[in-house]
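First chain written, first letter: the chains are A, B and C, and each begins at residue 1.
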Amino acid sequence: MAFILDKVSYRYSEGTAYEMTALDQVSLQIQDGEFIGVIGHTGSGKSTLIQHLNGLLKATEGAIYFNGQDIYDKDYDLRDLRTQVGMVFQYPEHQLFEETVFKDVCFGPKNQGLPEKDVTLRAYEALRSVGLPDKYFDVSPFELSGGQKRRAAIAGVLAMKPSVLILDEPTAGLDPRGRDEILDLIAEMHVHYGNTVILVSHSMEDVAKYVDRIIVMDHGHVMFDDVPREVFHHYRELEEIGLAAPQVTYLMHEMQERGLDVNCDATTVDEARDAILQWIGNQR
Amino acid sequence: MLRDITLGQYYPADSKIHALDPRTKLFGTLLFIISVFSFEGVIGFVAITVFLFWVIHMSKVPLNFMLRGLKAIMILLIIAGMFNLFLTPGQPLVTIWKISITREGLRNAIMMTIRMVYLIMGSSVMTLTTTPNQLTDGLEKALHPLNKINVPVHEIAMMMSIALRFIPILIEETDKIMKAQMARGADFESGGLIKKAKNMVPLLVPLFVSAFRRANDLALAMEARCYVGGDGRTKMMPLVYTQIDRVGYAVVIGYFILLMVIKAVL
Amino acid sequence: MGIIEAKNLVHEYIIRDEEGNVESIQTALDHMDLKVEPGQFIAVLGHNGSGKSTFAKHINALLTPTEGTLIVDGMDASDEDNTYAIRQTAGMVFQNPDNQIIASVVQEDVGFGPENIGVPTDEIWERVERSLKSVGMWKYREHSPNKLSGGQKQRVAIAGVMAMEPKCIILDEPTAMLDPDGRKEVLAAVHTLNREKGVTIILITHYMEEVVDADYVYVMDQGKVVMEGNPRGIFSQVDTLQEHRLDVPQITLLAHELQRAGLPLADGILTREELIDALERIVKGR
């Protein structure tokens, strides 16, 4: 079991007039090797939630267990937690600072206290796995294009070999191709290393295509927590809180409302195509 | 803690103080600060306190909003207070081991703390009731004569108002970058002074890069909106003194004379 | 006569090394042609690095053509004397909402443009009120921009441009940094301006859903216009769009996939309703 969250609450500016509850009694379990999408509109508490998982924010109430250990225990090493739970923030390229791309990627493993040789090896591996060609290793990170910068920044987190990888809107600001490349990369890595991946996103379409489980946050609560198909059945409720199910989900439900008896479970274009073809086949 | 800095945070409200011309407020704040540093004795203190709280009440800014600004400099206040308390020579009141608190020390510490607190609160009244733009407009106009000796008053005022707009943004950004580097195992807390300074590099470089990027974007956006410097610009809020400013000046000057009288009599 | 006309427009970025020697030349715009009629809602699509932002900066005279001509409302953009007149005619909204708001209070920011062009005080206030109302931000006029959402900030930026009473507004990826709610807000505001105030809109974006309601669409790649037409015509060419590193809306993609699987569907289906109607016809036709 990677994470157990037990009635976790978090309040900003506690005790002042500006007190605001960002998380309200959230209980969750996350298993090793899961690929999870966390969805919610701005201010729903999703960013607050993930920042608890690597101890950047400390819950005002409740407990969090990582691999069975209480992370708020006096003796618990939070820095060690942070190396095991890698976090890619929104616009991660804004954290690049070293003279060369390679050095920047070394920053994480170096902080882990690894010997020089291992640091180099890990940085190399990480840069390779994000598909950044060797010729960019020795250039300044500030000379890369937007998409390349983002890859370099993600490599900086991967080089720490985290067993849990959290990504906050990793595709923000990228064009469609850049977005697909990054998401494919994450999915590939998930398959290859079997690590736990938590993907925070606004886009239902992206999430539906990749994840096995969706957690919908609203006003600091977990509103839904299920496989995509089940979550999107609640598309009306999702809409009420400012979220939308993928377009194909709407399509399937609208077809059914018109009396066209098609299976409504589809959440991706491929699934929808198959469902419609099957339905047409049945009409014959 | 960074969020507590009230400097440059305008508090919108519909009050007499908000309606004053920024020049009146600048002048008033200046006189108030002089009065705070020249007062002595309990009566002077009472007069200043009454005046300050009356103005705060008039401004319709909640008191706790003002006090938040103090939180940010609390440590500074305590340290300065301690120095005064323990290091002023004079007649000892209490002696613990080798350190003694003197009557003069106690007096100095109290005076100093009150003065600092009133200084901050007094200037917060100005910054909270005046938009940074009005404030810089006020300064620009008050300092306008310096233009004659080739001081670029308009440019300085523009830079100030832009700086005020971006301070909160950069503070937020610092917070974000700090978290991102901490997630990569960076350590901003432990170690000696030199190590600490070195550890700041992963925070400062991205911050500078971001500030430059923002500056670039902003320059472009200003150009796109036809900004070419101070010449030929009109003002959305030209500064004109009205009745309320005459009252304002009268009140502030009256207050100052009263304090001076109190000081002279006692 | 179009309000914006680009003919053979070329822009080259010359990159110099530290000694000032030319290191390389990058062609960002490569003989581009484009024409916009007054009152139109135009979308320019392209992936990052396709040259669309470089083009946008030309319309606002922030960049000048290396070769070819660009005419904005009858003025030649290569002529420096026209710079300020062009910037008043064609206002520009940028991607990052934070980096284009100058003042610390919403209404003062909206007044910044009119101040620069010397509008008398009373009229500035009238313009500020009109423009803030036109984007639905009037009630936030005394707020600090820092306390607004991304979509609201972007609407303030649009109001700031509107206050200069331009004939045309260019929006350079105005929604790239916003969440879905913010995106909807901004797009709705832009459409309202186009419809009710007759402002010509040039929307530069890589989100396909945003161009569905445009009058005309240009697709750019490598500094050239590679496709143009109405949205339906553009979206009917799913494969070509994907070659240019662009998406199509999910419904269009689904229709395309179904077509490939042998269903007799028309090209360029844009909405769910269209698709359902078409599917119903197929089934009932049997």
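By our rule, a residue touches a chain if its C-beta (ideal position, glycine included) is under 8 Å from a C-beta of that chain, and two chains touch if they have at least 3 such contacts.
Every value quoted in this text rests on a predicted model; they were computed, and no experiment measured them.
Chains in contact with subunit A and with subunit C: which ones?
B
Please tell me whether A-B or B-C has the greater number of C-beta pairs in contact.
Greater number of contacting C-beta pairs: B-C.
Just the number, please: Cα centre separation of subunit A and subunit C in whole Å.
A distance of 30 Å separates the two centres.
Mind checking the centre-to-centre distance between subunit B and subunit C? Centres are C-alpha means, answer in whole Å.
41
Spell out the part of subunit A that touches subunit B in their complex, as residue ranges.
Residues 13, 16-17, 51, 54, 56, 79, 82-83, 86-87, 89, 92, 94-97, 107-108, 111-112, 142, 156-157, 160.
Touching residues of subunit C toward subunit A in the complex: what are they?
Subunit C residues touching subunit A: 47-49, 149-150, 176-177, 179-182, 206, 208, 245-247, 249-251, 253-254, 257-258, 261, 263, 272-273, 275-276, 279-280, 282-283, 286.
Please give the residue numbers of subunit B that touch subunit A in the complex, ascending.
Answer in residue numbers: 3, 62, 64, 68, 173, 176-177, 179-187, 201-202, 205-206, 209-210.
Where on subunit B is subunit C touching in the complex?
8-10, 12, 131-133, 161-162, 164-165, 168-169, 213-214, 217-218, 220-228, 232-238
Mind pulling up the subunit C residues that touch subunit B in the complex?
Per the stated touch rule, the residues are 60, 62, 84, 87-88, 91-92, 94, 96, 98-105, 107-108, 111-121, 124-125, 128, 142-146, 160-161, 164.
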